[in-house]
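Chain lettering (A, B, C and D) follows the sequence in which the chains are written, and residue indices restart at 1 in each chain.
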């Protein structure tokens, strides 16, 4: 684990326990998602976040409740890290009435007005201009919020990304663009998709501050995101941040964990840097965590996830008429 | 005029006369286009190239007949510089049977298989991926041709440009991307549209050799394009070249030459660096051109343009059934 | 009543709504400094400033998405496309996001956004600049699509569109901007989804919208001279479509011609015909005929362009045919 | 005759054409190393190498344009979209360039390119991943649009598409890839633009294409048990449409149901109805009915998705209704 930096002194003890709790919750939650998918309780595309939890938790820990978050279809982790309830997320995955999106969005489309969680988007690159638009709205209203926009590394090749970053840079909008570089876009490695591999450098084309950090080390993520958030909030300067992480599962439930496009050995090598293990070890060395505490936390979290499962299972199916609801809003203005 | 560089020694005498002839032909041709437009012989959108002739002529003078050229709707100049006949271009502008595109394309859509002139495209940014595709085809066939792709500076903000350059850089394709930076996209200045103004730097995002040059100095254009063409032909490495030029007329025939978005003073200042005058002066100082020669060249060119006008005027209107022709090709394969 | 142009009617609608609600802003290419590519937003920059009248780079996909993001968090963007032809690049944001946001989010995120600009052919702009998109847009649940044909309808409908909490696509026309009509000084709104019977007649119905409304009215005038009286049903809104108005008219006249600017195949006219043959099956004295653009890309040559476009002679010929007059 | 999957039929078609003509290449996301997102191109990289089986970055607009450029100078690209939903981003190249190139260039530049991929809904992929685009594509002159419903038709039509000198959009289906059918070993081509009468019956016509062909055949089987015999007209090609085949069938049965996967408004079904009511006006004993997806974005919840999709019970109900049986 990176030797703790000055800026991390505040992340000791209690706070580290929170970070660990957040990451472990995402992990245990998604382990059960895989189970529910196998049982047919979850359908469609289901992209697990396992291995990348330090990025979501590290980022959210630097945001205010009134800030905004937007991400891709790989959204269970960010949704939970942002504070959406396991119940509402699991019920959404089960396609039930009590899901955060009434069971209409599913795995790829988590939305929540309470936590300013703006989705859950299925078109690669499509949500980046939306993030720029939220940044525009914040500036328009003279607010001091920021928007954190997560994206996979493949997104930096899409036209939408470039059009969006140019406007964010040109208009100086409070956006933090966070690339979760897990090295693969489905079965295509970064080297085979992008003419450069230090992709944070693409920020230069938009005169945008840019940075790269280790995404398995939550303190490194907190450090880099913290700087970017402060720059956005205080000076309304956007940042392009490349976070180097790794996906421990297949691209989606239908994709083998390794084989065609990445060797088992690479996966095993990467799993040695499990972000949860790294934080746990750090805390134990710093004697911020006893085995009993960890034990207990895990038990509690598993109970919370089980509760979410039971809740989702018990949540009613949508009535047929719901098919025709939410197509158009009744205009009140 | 820039002190002649070593690489220009071959551009003396005879060759300079050719360059001058090409530029003057474009100028005189388009002066008559403005006249024809006023008379209603040309309709629709008509974007004149006047002021940018050194870019087209300088570039074409470095290409082989079997190379490819593609550009935007501002295509009369490049079409003539590439060697398309004034008759076929004028007849196209008049919308007649003998036009290069049978009168179906018009001002924005000049096409010619004889000179590998691939258009004439109306959607800003839309032709850049096409250029990458031509580069791909050249490599696919193992040829040593190159494609020169002209574009306005606004294009560097479009998603199409970035998607295309990434693939050209990633796959190492023989493309020369030439930005004709005339400072304005319609009424929007570069500074108001792009987060950076040294836009050739966007090549860095694609690991692409890049360069910037004076677009009013034809020798500077020849120098920069020559290097890029050689790199593409010999090593199949693409280049992003920013050529700084200026549009002496309005964006299109319906746009005032100056006023809303650029002051008259700026225009007048820029017109002092007319690319044709600069070359003429250079040649006269180098005593490569007498007043008589210039006189005679101008008379000849005006006659050629008049001939094109007469030819276009005499060319038959398309028969009504032509409306339904060229929608689908009969498949022979 | 004051007579103003279609252009000024649109401008007045946006200006009034921006004055009324400071969440409303205008964004697009050349809307500010240049005063609008077609001058709809003349004077806006000076009146509202650059935060509310925003020139964008040439990035249709990008600024459409910026509008969507701003709408998600409570602003009410009016996004101008220089023409709908260029909006092809932005359709992912319009169709995959704006049209589906309320649904995907289970009713949480409204999408109060307007996408507007000129639609269809002007004069000799050739293939890439002369397309009418209403049938594409109207295919998509979640979108509303309006196509006003007169200054009065343009102002009233655009104001309603800006106040609507759903994405509304507004199809204007370069050839309409200079047309004039009566527009009252007092504020008024025209409800989205209501057709307008612009002429009454008992012999045949012409069902149309947008630019073709003027052609339909001319046809009605000419045919009236021959004693043929036309019901001109101006849909005004393409989606949701006022099917009652269509049925009422056709059940009265027993004959119908559907006139539209765009292409035939899967066009708005096909949908209108589908409704008529189902709802008015026993009332029809003749098959419903359609008038539309020729099934080709738009040519540049003036004479061919004229041949490609639907126009007065074609509309009249269709009415005479549906009435078995020749 | 050998029985193979729709997936393998498509793969065989592309492989045979690549073996036959080295100007043909396959490009798209995950077509090479990953062996195809849906494994249509399994083994291609190994057989043809990386110059002819090309993995692209996730840039639909960009690689569609690369295909267009390659086609302009004589190659014959087969561009795979992982699904047509993502092709929305590429439509500017498909519609503004590929469909218009021959016309804009006055007949000089042919566009021998194929755009293919799965179309319509699979299972619980929700709003952004469950759309059927045939009515949009078929709206555009210059494009050809095919939607094969069986392995036999898929192979024969795709081979014709690859040999066609015009842009051809091929609409496949995730739910079709695993379906099986007889496909001869000998080479054969199926002409674009010809419908196929897949069942013969005198009581009612079902006109359909693509994924819904299987549903229509099931409906015909079930109804046959009740003594109701259906003419199943499989259009196979949506544009150009085989209107003769439609008229022949409807003039025989005097009743028709149009069954399609996509949305109703301005759908392919509307165009079919428009043709029928004009060409078969005096033959119809009842209004033509349509079966299609519900007019909403596609929901994720299993039960709602089922309710949204056209299916066997809905098809049968429509036939019974058009026959005034209930």
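Keep in mind that, in the parts below, a contact is a pair of C-beta atoms (placed from the backbone, for glycine too) under 8 Å apart; a residue touches a chain by one contact, two chains touch by 3 or more.
Since the model is a prediction, treat every value here as computed from it, not as a measurement.
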Worksheet item: Which pair wins on C-beta contacts, B-C or A-C?
Response: A-C
Worksheet item: Going by the average position of its CA atoms, which chain sits the greatest distance from chain A?
Response: B
Fill in: Distance from chain D to chain A - Cα centre to Cα centre, in angstrom
37
Fill in: Inter-centroid spacing, chain C versus chain A (mean Cα positions, whole Å)
41
Item to complete: List the centre-to-centre spacing of chain C and chain D in whole Å, with centres computed as mean CA coordinates.
Response: 30
Fill in: chain D residues counted as touching two or more neighbouring chains
56-57, 59, 61-62, 85, 89, 92, 96-97, 103-104, 126-128, 141-142, 295-297, 299
Discussion item. Can you pull out the residues of chain A that are in contact with at least two other chains?
Written reply: 101, 103-105, 109, 121-123, 157-160, 163, 166, 170, 192-194, 327
Fill in: For the chain A and chain B complex, residues of the former touching the latter
157-163, 165-166, 169-170, 192-196, 201-202, 204-208
Response to the item:
Per the touch rule above, chain D residues touching chain B in the complex are 21, 25, 51-52, 56-57, 59, 61-75, 92-93, 96-97, 102-112, 141-142, 144, 163-166
Practice prompt. In the complex, go through chain A and note every residue touching chain D.
Written response: 43-45, 92, 95-96, 101, 103-109, 121-125, 154-155, 157-160, 185-188, 192-194, 260-261, 317-318, 320, 322-324, 327
Worksheet, complete the sentence: The residues of chain B that touch chain D in their complex are 68, 99-105, 109, 111-113, 118-123, 126, 128-140, 159-160, 163-164, 166-167, 170, 325-333
Item to complete: Using the touch rule from the top, collect the residues of chain D that touch chain C in their complex.
Response: 61, 85, 88-89, 91-92, 95-97, 99-100, 103-104, 126-128, 135-136, 138-142, 239, 241, 262-271, 273-274, 277-278, 281, 284, 286-290, 295-297, 299
